[in-house]
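Labels A, B, C and D are assigned to the chains in the order they are written; within every chain, residues are numbered from 1.
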Amino acid sequence: MEFIVLLVTPLLGALILGAFGARRWAPDANVGFSLVTFLSACALTSRVVAHGNLSVAHEQFFIDAFNVFLVALTAFVGLTTSLFSRPYMRIEADHGRVSGGQQRLYHSMYQLFMATMLIALTTNNMGLMWVAMEAATLSTVLLVTLYRTPASLEAGWKYFILCGVGISQALFGTILMYFAAEKVLGSEGVSALLWTHLNAVKGELEPSVLGLAFVFLLVGYGTKVGLAPLHNWLPDAHAEGPTPISAVLSGLLLNVAMYAVVRCKVLVEGSLHSSLPGRMLMGFGLLSVVLAAFLLWRQRDVKRLFAYSSIEHMGIIAFAFGMGGPVANFAALLHMTVHSLTKSSIFFAVGHATQKAGTQIMDDIRGLITLSPTVGWGLMMGTLAILGTPPFGVFASEFLILTTAMKQQPWATPILLLALGVAFAAIFGRVQSMVFGETTAKRLPHPPALIPVFAHLGLVLMLGFFIPPYLADWYRAAARLIGGE
Amino acid sequence: MVGVAGLLRPWSIGFVGRTLFPLGALIGAALAVVAAIALDHPAEQLILPIGLPDLPAHLRRDGLSSVFLLLLGAASAGISIFAAGYFRRGEGTSPGLICLQYHLFLASMGFVLLADDAYAFMLAWETMALSSYFLVTTQHRIPEIRRAGFLYLVMAHLGAIAILLCFGILQGGSWRFTFEAMRAAHLSADGATVAFCLALIGFGAKAGLVPLHVWLPEAHPAAPSPVSALMSGVMLEVALYGMIRVGFDLLGFPLWWWGLLPLSLGLFSALYGVVFAAVQTDMKRLLAYSSIENIGIMFTGLGLAMVFAGVGMRSIAALTLIAVMYHALNHAVMKSLLFLGTGAVLHATGERNLGHLGGLIHRMPWVAWLTLIGVLAIAGLPPLNGFVSEWLLLQSFLLAYQVPHPFINMLLPLGAALLALAAALAAYVMVKFYGVIFLGQPREKTLQQAHDAGVAERLGLGLLAFGCLLLGFFPSTIISMLSIVTQQLGLGGLPANNAPWWLFVPIPERQSSYAPLVFFAVILAVVALAIYGVRLFYHQRIRRGAAWDCGFGGLNSRMQDTAEGFGQPIRHLFQPLFAVVRHVPDPFDTKPTYRLEIYDRIWLGLYQPLDPLVRRVAGKVAWLQQGRIANYLLYSFVTLVVLLALML
Amino acid sequence: MNAFDWTVQLLGILLALGAAPVLLGWVNKCRAWLQNKSAPSILQPYRGIRKLFYKDAVIAQNASRLFRLAPYVVFGAMVTAAAVIPSVATRLPITRAADAIALVGLLATARVFLSLAAMDVGTAFGTLGARREMMIGFLAEPALLVVIFVVSLTCATTALPIIAERLSAQSFALNPSLAFTAIAFTMVLLAENARIPIDNPATHLELTMIHEALLLEYSARHLALMEWAAALKLFNYACIGFAVFIPWGLATSDAPMGLALSVVVLCIKLTLAGAALALIETLSAKLRVFRAPEFLASAFLFAVLGLLVRLLLGA
Amino acid sequence: MTMHPLSWDLQVLNMLAALLLLLSFAMLSQRRIVALVDLLALQGALLCIATLLLAWRTGNNHLYISAALTLGLKVIFLPWLLHRLIRRLGVYWDTEPLLNITGTMLVGVLVVIFAFGLAQPISALASTATRNSIGIAVAVILIAFLTMITRRKAMSQVVGFLSMENGLFFGAMSATYGMPMVVELGVALDVLVAMLVLGVFFFQIREQFDSLDLKNFESLREDQ
């Protein structure tokens, strides 16, 4: 029941807002739908936590510890982002940067995007997952190009082509997987595509085929995760779209893609009995971390800056999943959570900052803290959190990941640390000069919505000090699910 | 118990306002007392249900942490009272926020001292760095201060990374990150060595050990004075605590030659710091460099203690370690006192540049006389406290010839010579510091309006000055307290001796003794007698007149030595250490000016090049991203092909 | 620690107080002889001090209390030093109160106060003097300390009386390390007591003076105390030298006979030392102030060499 | 399995497969965009026939539906849409590809070899009659990839994208007689939507830059 609501609400929202998205109340409606989604997600979560796994519609949909927590996260961030986008879009509309049509598009696509992500998370059918992922891409392409500026068009185009191509590889990977599964599960019905069934028989699946399948899937979904060197669409898309979209792209879409990759990895590792997939993930992870860390030094645009930091963190997560094992998986899940919370809150703060300063170029943003302390501190705290300074939760996960890395991949630890140090200097130097100092910017017509920012940061802080036992068990369950042994 | 006291501290953050500082001071004093009482109790543990799920936060109070808690509490008590008066005038961030950050800083330092597992330690450690960073950047409108803060935080972060790695090695395969596990772990010699070096880097970076010191002279002057006092007086000692904790507690008994690293680095820092202090023109920078010197002295002692412990001369190692901790206590008190003094001066005159100060002893007698105590103490003059620890350190240095390693035992006593040199230079620096600020004629007209510090500030200064005397006069008591720690660390305490309580004889068989009280009494007696005698036998007429000055007339304030002038001999003697830029006037200047800029060679040579280097690499990496979609597609294509090839 | 000890101690102090100006007078007399001048009376320093005590004190307007306190502190420090140094006997109550290192610290205290007082009035010469004094100090002090280290390595203690006892206990032996250190010590003594070649006590030549520049603003009783303290300083250094290098003749017990004897010995030693000092001063030329650091650095290095030799040869 | 001369339909199927490969090579070398679209349509048609044949041969019905989808989408609608766009936007020629034709062809050949090698293990397992053409499918995909890499006009990139889609479809069919219906429909829908989005896109691009040349799309970069 909750599940139906969960999926139907955003779709419905997409339709309605598609019709009336330009109305004055549209942003509030947007919030309303997101709220309903979030509540149903909570209900679903509590149910799964209470009664264990749950599968709907002839197993087409399947919810276990792993994806339910991502569902909850997605719904939550979706809600807060919609809260944030209320004043944001109003201000944009006042500045005349978006027309009524564009607002309609924005709101309906926003809901559609949520829907596709939720489907991608909850579906049990690899094919359907693919469809949903593609749909997620398509629904955001037009949001990236919302402003119709040359840069945004370019970004949108790159986003479209690179992700499109990538996702096609994923499709072929899915086909191969189906092909291998069919040998075992028989071609009638769709059971050969259902993850649960595949997972049950993963030991018998033909390794060679699955290996190839994994490569295609990795490259395909990896493109969406933004693993170097497939990451090139990411900074552009983040920088040029409206900030709420950057927030959800960074905070959610990447997670979802990562989720897909991990699901596949579980199957493949089960059949290959080799650590090759894991090592591939680690390789991608390290490469991303290092590349991103150095590219951070080239940034002038604040949103690009944080886009690259997203790449870096996705790299860390990929590395952790690649290492595998309960602790690493636990840490990776934790890191997914804290990263999406922190990063989205950062984008909220950045959104207001850019609107105040009227630019995204960092050299032109100064003295936020004097102009509006809340935004300034929000950005500062968020940045420190994302840089992995205690007492924020990011530190907790990075601590676990690093210590596990020392244990399992000692050679990789120095590389990681070096990259982290470089990234620290790069990001912090820039943010400090934005937050502190004298200011030039002006006040804004609409009060900034900072509840989301501090709600997120509060959660992250809490996770740094103390991870509630039930949450910990939940993570452990998920980690066990992924880690196999 | 102390854990509870430590835990209580954050609560005081709750309500915002200036009234909190006295409360913080009270808690500080309470903490000091509790720590002093708890010192000889056995270690006690406390596990809090916070932190990571598998690793709840362990807190543990043993002798070592009590000593440093005592230090923290005592110093912070004085500083907080001072701060209560100091932050009256708003600067940069709002007082409430400062208050919060300030107490967070204190609390995190308390937790660092109590933490008993890697996670809790790192948590507290980084919180300490962060809160202090925010305090440093209180006046964030000034670019230099922003730069200083940035440098500070980056160095702190790198140090933290090193410490994290060190813990990663220390757990020695048990993969449990509590300190017990680390104590229990058996490391290979190499592993232990690496861990030790990492710890030295990590804690050295925080303590400002040369060459990791670059942030210190930038950050300490930038902060508001009470914060500078806390950073110099307490935070650096907390770093020292970390070093002792790792070196003597977690690593078990060190290899003897490890000691040579901190020993040599420490000696170098001591000389380097004091020499740079001598040429500074900014009073807070001067003090910052003098902090580097003192940290150098402490690390020297630490290294020496390690050498002794390594070769099995336990009791002497204990003596040396005691000297180190004693010096930590002293430095906490006297450096805080001096920084607060500068703070008062800064508030009264708005000047940090020595070139514009002078003659303040007339305008602000309280500050002047109280600061004088600190100056004499830090110059290492008997019978004040600074002398005692240096005396102890020299004593233990003189025992180093017994080290059973042929060449080393010849070199070690030389350390004593260098230490003596550093101490003498410190006196030079302090005479410059005090003389230029408080004595002579005011170098600016505005100084005439300078006013003495408020009551709260006087009280704070007074407390710390009193601490100097206390620590100076009762060495035997302090030592017996500190020897508890060394016993708990397994070094054994000091040999019992039957000397009377006022006589201080650390090593009976050597009969080297020191009795500050008698000493002081005699001086007092003589002075009193002299004054009395003069009054008795002769008149005491006094006439005030113009200064004689060999009959040169027209004396004005510009004829006194400037700070640069006073440092000139040192600059000449240690020329190679400095990178000096002179701005000499040409003969036809109507208003000739002569300016001198002195740079730190280490900064120029070691740190300056880093930034361009990283940028260059970044530039190389950026070549990958030329914005051409075809290339990007090519990347995906190649990746795909390569991975497929891997799979086949 | 009985009353007898205390009386002896007190007498020792008084002896020092009394003998110090005489020693100064003696040195000056010898110098005059060596330079074929008609020598002033050996009691000349006393006369000077007495005269100064009678005068009215004139103090610069902007002199602070520190300025007036300093002379007493310096004087006090010097007297305490005299009490600590085993000039006559080694078993005295106060001698235990400070070992050699503390003694050096005490002398440093005196120096610091002297310099601070000199800076207090804020005249060009005052600050100049203070700077030079500290410059001399920061090189002379470690040199002196190292000298003491060497001896302490030989005697396994830093307590001056015990050093004297242990040294006098062993028969005279050629001791290379002590030779080095003796040279270093002499150089330090010259520098610290404002003698040629570092400073010339006889002149007020602006550019070269050090000690006189410090006292420039003092007058009357303050000046008297300063002068007396300076004399005491010379006396103290001499006694340190005796205790470290030629301890023989010191009374190690409190038998009255021994004490009387050691007083006589002390007088002889002082006479010779004074003559030697005068000789050195006459034979050597005043160094430029800029050369002073080199002079003292070499003193420091000599001391360090002594240390190394000591450790190398074990003698 | 027992050796016997291939039945005529299989011969036809292999023939078609070969033609598909040939077509994708043609696309790789073709520079007139209109012709490119026609080739795409042709490819779609071949795909459709192949599907029908398979449907008739194996007699599982959902292949008919997918054949119909192919016909509707890839043979009729998309080419029509693209032609319309070409006419509206007036882009007829692609400029010289980044790599000259012969070079591209050479790489193409290498890619084909690689693809066959890749397909070996898969075909070995496959029970379908068309298993041998899996290699061709992979080749088609990779060559389409190559096409996208070498082209400078947005339009021709899209064509390459679609032919990659064809390759995928063909691969699915020859490996497993197509995916389950749900997925087929989903895929088709996505492709459709993608194309529509593209249509919108092109016009937006046209508003901003007066051409669809990708050299306009090189402003977001890090190397300057």
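We adopt the following convention: a residue touches a chain if its C-beta (ideal position, glycine included) is under 8 Å from a C-beta of that chain, and two chains touch if they have at least 3 such contacts.
Just so you know, these numbers come straight off a predicted model, no measurement behind them.
> With a step meaning a move to a chain it touches, how many steps does the shortest path from chain C to chain D take?
2
> I need the common contact partners of chain A and chain C, sorted by label.
B
> Most C-beta contact pairs, which chains?
Comparing chain pairs, contacts are most numerous for B-C.
> Among all other chains, pick the one whose mean CA position is farthest from the mean CA position of chain A.
Computed centres place C farthest from chain A.
> With chain centres taken as the means of their Cα atoms, state the distance from chain A to chain D in Å.
About 31 Å, centre to centre.
> Please compute the C-alpha centroid of chain A, do the same for chain B, then give the distance between them in whole Å.
The computed centroid separation for chain A versus chain B comes out at 45 Å.
> Please work out the Cα centroid separation of chain B and chain C, and write it as a whole number of Å.
Computed from C-alpha means, the inter-chain centre distance equals 35 Å.
> Can you check how far apart chain B and chain D are, centre to centre, with Cα atoms defining each centre and the answer in Å?
71
> Check each residue of chain B and list the ones that touch at least two other chains.
619, 621-622, 624-625, 629, 633, 636, 640, 644
> Where in chain C do residues touch at least two different other chains?
Answer for chain C, listing residues that touch two or more other chains: there are none.
> Going by the touch rule set out above, which residues of chain A reach two or more other chains?
Residues 157-158, 161, 165, 212, 295, 298 of chain A touch two or more partner chains.
> For this structure, enumerate the chain pairs that meet the touch criterion.
Result of the pairwise touch check is A-B, A-D, B-C, B-D.
> Spell out the part of chain D that touches chain A in their complex, as residue ranges.
118, 121-122, 125-127, 138, 141, 145, 148, 154, 157, 161, 164-165, 168, 171-172, 175-177, 179-180, 182-183, 186-187, 189-190, 193-194, 197-198, 200-201, 204-205, 207-209, 216-220, 222
> In their shared complex, at which residues does chain B touch chain A?
Residues in contact with chain A: 49-53, 119, 122-123, 125-127, 129-130, 137, 140-141, 143, 146, 149-150, 153-154, 157-158, 161, 164-165, 168-169, 175, 177, 614-615, 617-619, 621-622, 624-625, 629, 632-633, 635-636, 639-640, 643-644, 646-647.
> Under the definition above, what is the set of chain B residues touching chain C in their complex?
Against chain C, chain B makes touches at 358-359, 361-362, 372, 376, 379-382, 387, 391, 394-395, 398, 401, 409-410, 413-414, 416-417, 420-421, 423-425, 427-428, 430-432, 434-436, 439-441, 503, 509-515, 518-519, 522-524, 526-527, 530-531, 534, 537-550, 552, 555, 557, 559-561, 565-566, 568-570, 572-573.
> Residues of chain D touching chain B in their complex?
The contact residues of chain D facing chain B are 98, 114, 117-118, 142, 145-146, 148-152, 157, 214, 217-223.
> In the complex formed with chain B, which residues of chain C make contact?
Those residues of chain C that touch chain B are 53-54, 56-62, 64, 66, 72-73, 75-77, 79-80, 83, 94, 96-99, 101-102, 105-106, 108-109, 111-112, 115-116, 119-128, 130-131, 134-135, 137-139, 141-142, 145-146, 149, 152-153, 156-159, 162, 204, 206, 216-217, 219, 221, 225, 290, 293, 297, 300, 303-304, 307-308, 311-312.
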